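Okay, so chain A shows up in both of these, paired with chain B first and chain C after.
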Partner chain A sequence: MLLKNPTHNLSNNGNHKNNVRNDGDESMKSWFQNKRAQGDTKQENWIQTLAKSEDLKQTFYNNQKTNIRFSLTFLTTLVDEKIIEQSILTSLLDNDFHSIDDLKRIVPIGDIQTCNDPSKIEENLCNGYVLVTIETEEQYFGFIAAKKEIGRGITSPEVEISVIGPKEAFVESIATNLNLIRRRLPVKELIIEEFTIGSLSKTKIAFLHMEGITNQENVNTVRQRLKDVEFDAVTDSSYIVQIISDNSNSPFPQLLDTERPDRVAAVLAEGMIAICVDGSPQVLLTPTTLVDFFSSFEDYYLNWIIASFFRLLRVSAVTFSIMVTPLYVAVLTYHYEIIPHDLLSTLITSRRIVPLPPVLEAIILELTIELLREAGARLPTKVGQTIGIVGGIVIGTASVEAGLTSNVLLILVALAALASFTTPIYKMSNTIRLLRFPFLFFAYLWGLVGIVFCLCILLTHLIRLTSLGRPFLEPFYPTRWTDLQDSLIRFPFKERAMRPQYLRTEKPYRYSKKKASIKKDIDE
Partner chain B sequence: MKRLFLCVFLLFLMSGCVEKKIIDDISIILAVGFDQSDDKQMIGTFLTDNFMADKSITNQVFTSKASLRRDLVIKANRQVSQPLVTGGLGVTVIGEELGKRGIEDILDVYQRDVSIGARNFFVVSEGSAQKTLQGQYGTEGSGTYLYNLLNNHIKMKDLPETNLHLLLHDYYQKGKDIYLPRLKQISNNQVEISGVSLFKKDKVVDVIPSEKMFFFRLLVDKHGKGNFSVPKKRNERASIRGFHSKHEFKISKKNPSEVTVQINIKGAIQEYTSKKLGQKVVKEIQKDLEKKVESECLKLVKNFQKKDIDPMGLGAFYKSRNRGFDFKKWEGDYKNLNVKIVCHVLIEETGISR
Partner chain C sequence: MHEQTIPDRLKISPYLIFYAIMSMQIGLGAMDFQRLIAKYAGYDAWISILFVGACLHIILWMMYKIVETVNGDIVTAHMYVAGNYLGKVLSFPFILYFLVHSLATLRTFIEIIQVWIFPDLSIFWFTLGFMLLCMYIVFGGLRTVVGISFFGLVLPAYLLLTFGFNLPYSNFGSILPILDHSVKDLLKSSFHMSLSFIGIEIVLFLYPFIKEPQKSKKWAHLAILTTTLLYAVFAIMTFAYFSEGQLQKAIWPTLMMWKILKLSFVERFEFIGIANWNLIILPNVCFSIWIGSRLVKKIFNIKQKKGVYLFIITHMAIITFIHTRKEISLLNSMMAKIGFAFIMLYIPLLFIAVQIAKKVKRK
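Showing the complex of A and B:
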């Protein structure tokens, strides 16, 4: 017998009835016969490990015309039984079926493989193939794809929300995701290369680039790095980010992950590379620069003046968010000289009954905010809403009334938290959450000098950082004028004929600027 | 990497050396006054604010007596629970007596203390500085009140700009004498700017009353702003607000002892006590004003020459125009200098009348 325990089926009522409804009496008989002839075949060794799983099932049938005896083996949990019932069994039972090679002729399914290598059996079974064997051809196997596709449908983005523009977001299925991208770039230049990585997870990874646009060196690097990944289970694209980053000891993400297919399509056209990971609704983009993480894709759907304003607002909000509490601590601990006379009374009155030094006060409040945020993220949505109320009203006002914190700092910390939410990319906003703590610490140690010291370290780190070997701080250092036009401010599209220079694309121009500047009004 | 960790570790060890001044654990001196005591010592008056829980501010004044300026702070500190710090100093009041004796010693302290800002205002008080600082002015605290008073008059009115930076600059510049605003305490909660004290070296020698401050500012400062009125024939009077002025010195090429001060004023008529204000009248007012400025300024300059003080910085100006300038000779020349004032007034608007 092929299996250790072939008796498992969905009804499992003890009399080993086959649950495939099309199964005739004859095949059932033969199945019982076969059971009696256990241990006859040499196939036994081929599916030894998988046979321990309860969801492996093998059934024997007799073809109605040729009366040839064949067996189907598959994992019930992976295959779609409808395909087996409607496409495979009907065609195998009713048609002229002599040998495995006939499969391609009689089964109406595109993905059919044949081979004589028994070592491939288990691997293919695990990928949702149905194994077909015939008595007469013991060393020859047929595989028919009958994978069950379960997954959620396409929904609107949840992290990178936009008011205008497309409302589609990636899902967990790589096929759907690739479809979403290909639909937006229906050209032959869009190349999709696939790999399987993860010794256990066998995760499918696709990386996309535009031939003739994307720099070949970048493509080779990505291909090389993906091929070299040594890991057992890759369940999300975030694993890939951490494994293939240039510097994995940096708090800054060097690959941008997005859930918006429109963003992916747009940057592919600019010459970036996209990496899709099966099972992950986030697609990775590389190489990136720091400013990419502060541009929401909605910026491109708005007029350039408005978009530029929002970008500047976002960048200043982030600076404010990192700097404001450290500045408060530094000034109140060391530099009373720089406080304007009019502000002096406000600050001193608010701190009158606070027994803690500014740094402890600030750390307590910052940690409270972080706690609220973390609790809000971990709690179920319905319970999570109350956290906002608890945090905002109860803890905030109560701590001021109790005299543990000053109300000036409470406002500053709340504003800083609010400002940090403006970062469009979630992973970057996490980094910003973290960054203010070292600043706070240095501000406490040496005041403003400490802040400058910390800023120097941060700047040195950022300047040294690379994404796929391309400078991370690019439009600023090294300075590239054309790239600055789409960094803190966004120039109108007619000025943006150049692809980003740091990508070193093979075609530096997106369109002909001359042609674009010609106005062809009908009434002229 | 090891070396980096070692460096950071050492930096942390050193952080204990930094002196902490937490804002609510210090007493910030907002104004300070210096007076001459009888026994060759000095009386220092330090004004700090107490910030009450109901957000009101009360003044607290500490006085001490010592011969060294720095000792004054140390002695006053013995009366205060929280250490007195000088970084918030906005106003320095010099007592009348001390002003007459010389302020050089005080300036020395201000040069050496880095925490004192260069925008600190210096004033000379009528009467003792201690009494002036003991008054209760305004609701925002006396120190802030005095600071704002001086600041506003420099920005909007006819007080010539003075602060620590300019004071030190003028003091150490050869060929220019310093001048400081005067404060007069009217009552316990009233104070006014009563004029400008003129110094020779570091001693007060003369006073310009507040009515003449506009003309004084025209001579010494770039942007004169201020109101003054011109009497015209019979009962007519016009009040004019100057909003831009410039002065320029010109040495006559033929006769080096003749210098022309060219003053240009742009102004507006704010009040006119007569029926009609036509183009003709405006021209007349311009003429009257020019005449008045010329005569008043000339009076001031003549007075400077008589007292041998040079707040306009004519000496510095001559020095900048002459190679190998001899200051000893200049001292005699200054008194005989022929100063001419030429004023040009442009009235740009006369307001809207219905």
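Showing the complex of A and C:
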């Protein structure tokens, strides 16, 4: 069908480049006209659309031994011309080439497909395949993979930095990412399922779980939700997070995104599910709990005592970060009786010349810090750092000297900002920065009662939140002792024979508890 | 029984009944029960607490017997005894009971805020805010309500430690001599203790929602035991701290006890205590609304959501009319009497009725 029309004039020696291009364009046009005449409209549509792009090329050649006429069609922007020149063309021109089925024998490339379904052509062309057709077999097509791989190399993590432990981070290419994970779990139980999502972007999505460990119900839910995604262009994993979350109206992230392959491998072994999205250096993990967002993966590389100390430090830092400005506002607006004499005089001295009410003072300073952070994030790195430091110092000192804010509040806000950055997962630290504003509002409204009131709202929200239908506040509520051992305090590995209970794994034990718990007597 | 079955995912683990009962019991009663009971039995009143606690164990046993026999909640029990129509009529007063319960709790809390922190607090707006929060919780289902009761008990638990600051100023000799009051006085003070113990009746309503209800029994008994001991120890601490005459003048002895606490960065700890009390009374109100709206659903066959709206509107309508200390006090003593009648008199009666009905039906 493709080469039916004899009217086009082609040069037979197609390996001459300049010739080939013009020749190809000519032939394409006539070919398409011919197609239109045949009236196969569905197929025609994509050909017409595709032909508008300058990067679609079709060239015709004659095999030197059998003198059979064949054509190569491909998108120049997607394929690697080196592969075409060196592997495909040389072998197709020089070897005995009679039919499409010969391709697998003569072309030294692993990924070769043959089919007689014209609807496959578009999909494969857009995925970097070269279409091979010959005049004798009109309805039979061969596809040879010749995809150009462009991407950056593996670098060290930029968001989830660790001092100890592996320094590899995911990159944009899904193949590389899967390789990084598969290398860490070289067993047959690791299952990789692939999907394509996005009517325009055709994003490849891989979804990973461990057979025999991961809860099947969870796997089915994730698979179903991924299949149900209907969106045009999915360019990053964050899209998937927002689309498949249990509650998309929550400021809390319910899927954990990480750029560390070691973290992914470790939690896959615990029974979580990982989702890789092509083009995104962040891999998603689900189901998660609130605690996961406060554990840096470095915790597992440190001794349990030190790791637990850091975790407690982080959690108290977060609490401090959310609560401190609202408490300041509540106490200075309504309850100055709470503060003892000596401390009160310090506060009053620093606030003596400030004309604004505490709430305005706090909101202005908080917004300033937010501005600095946002500006620092948007500006190029070098400028950003300068702005951050200069802006912080200049604005801070100047506003205190001008009498717009008090020293004490400046210190508190700066500490709170610092504390909010201790959260290891970036998305969670954003949430925490946002949370203080409703607290500020309620503190201004009802003082301390307001703060507790807002805390109740937050608690309710967290209790109602689920990740993949599993309670988000686990292991606190519902209380599960074995999971509590890896929450605020990380117990030593020998105590952690159980996989997390909330994952409802099919194999609850990671290793035999009995062997681990043999206790030795003195001098044995 | 045409009992609608409750899917497993909506049920709660048996141990959670511990938090549910305890948080329902510890509410506003904990602010002033010391004064009320000492009025009659003096400093022997702690014996009354233990006595009431012991009685409650028997009542709890009866409640479990009732719901186990009918395999449902109190409405099922009523229908079991008195037939469909009359059973619903019998269950109706309990809607009012829980309405009054949450009203009394909320209004008393607002009173404490008004007296100690904000004299000008708008009852209307605070109630509205509180009700919206309750609505958010109750719409999350029983699991959310129980979750709030869990945190409402665990998070403010640190407040217990703050009473340690009172110990250096206490004289434990003052509760001696033991048993210098008559049995009648002790019983009177037991009666006044009942407001602080109201809450165990929720077993009658939550039972169908408990996973493996058999296992929840021990937790329920443990909850009563813990509350009893907690109240008793706390009462003794109060008696040791105040003199008998002084205690009668303190309207909220618990708040007065905080006044002694002084840290380098905090004075007047009762402000923090009152703020925390918000979290303690929240489960009380939420359970009342949840149970009340559930009853509305079962009795009138309308959606539970509508029952919640009904509750909230009624609250908003009534609460602004209760102004004076006298009215609030009346509301609370009324609540105590109804609660006493319900728990100590009605439940044994229902227990006997169910047992008789069971025998009759078997024949």
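In this text, the second predicted complex is superposed on the first by the 470 of 524 C-alpha atoms of A that agree within 3 Å, B and C clash if a C-alpha of one lies under 4 Å from a C-alpha of the other, contacts with A are read in each partner's own complex, and residues count from 1 in each chain.
What we mean here is this: contacts are C-beta pairs under 8 Å (C-beta built on N, C-alpha and C of every residue); 3 or more make two chains touch, one makes a residue touch a chain.
Since this is a predicted model, take the numbers as computed values, not measurements.
*Asks:* Applying the document's definition of touch, where does A:Leu332 land relative to chain B and chain C: first, second, both, or neither?
*Replies:* In the superposition, A:Leu332 contacts chain B only.
*Asks:* Would you sort A:Leu343 into first (chain B), second (chain C), both or neither based on which partner it touches?
*Replies:* second
*Asks:* Determine, under the contact definition given at the top, whether A:Tyr477 touches first (chain B), second (chain C), both, or neither.
*Replies:* After superposition on chain A, A:Tyr477 lies in contact with chain C alone.
*Asks:* So, A:Arg464: does it touch chain B (first), chain C (second), both, or neither?
*Replies:* Touch partner of A:Arg464: chain C, not chain B.
*Asks:* Is A:Pro358 touching anything from chain B or chain C once the two structures are fitted on A? First, second, both or neither.
*Replies:* So A:Pro358 only meets chain B here.
*Asks:* Counting only touches as set out at the top, which of chain B and chain C does A:Leu455 meet: first, second, both, neither?
*Replies:* second
*Asks:* Does any part of chain A touch chain B in one structure and chain C in the other, and if so which residues?
*Replies:* Chain A residues touching both partners: 334, 337, 339, 446-447.
*Asks:* Applying the document's contact rule, which stretches of chain A touch chain C when the two form their complex?
*Replies:* Residues 334-335, 337-340, 343, 446-449, 451-453, 455-457, 459-461, 463-464, 473, 477-479 of chain A touch chain C in their complex.
*Asks:* Help me check something: in the complex, which residues belonging to chain B touch chain A?
*Replies:* My answer: residues 11-12, 15, 18, 20-24, 26, 28, 30, 49, 51-53, 55, 57, 85, 87-88, 90, 115, 117, 140-141, 143-144, 147.
*Asks:* Help me check something: in the complex, which residues belonging to chain C touch chain A?
*Replies:* Checking each residue of chain C against chain A gives 13, 15-16, 113, 117-118, 121, 126, 129-130, 133, 136-137, 140, 143-144, 147-148, 150-151, 262-269, 271-272, 274-276, 278-279, 282.
*Asks:* Considering only the defined contacts, which chain A positions touch chain B in the complex?
*Replies:* 331-334, 336-337, 339, 341-342, 344-345, 347-349, 351-354, 357-358, 445-447
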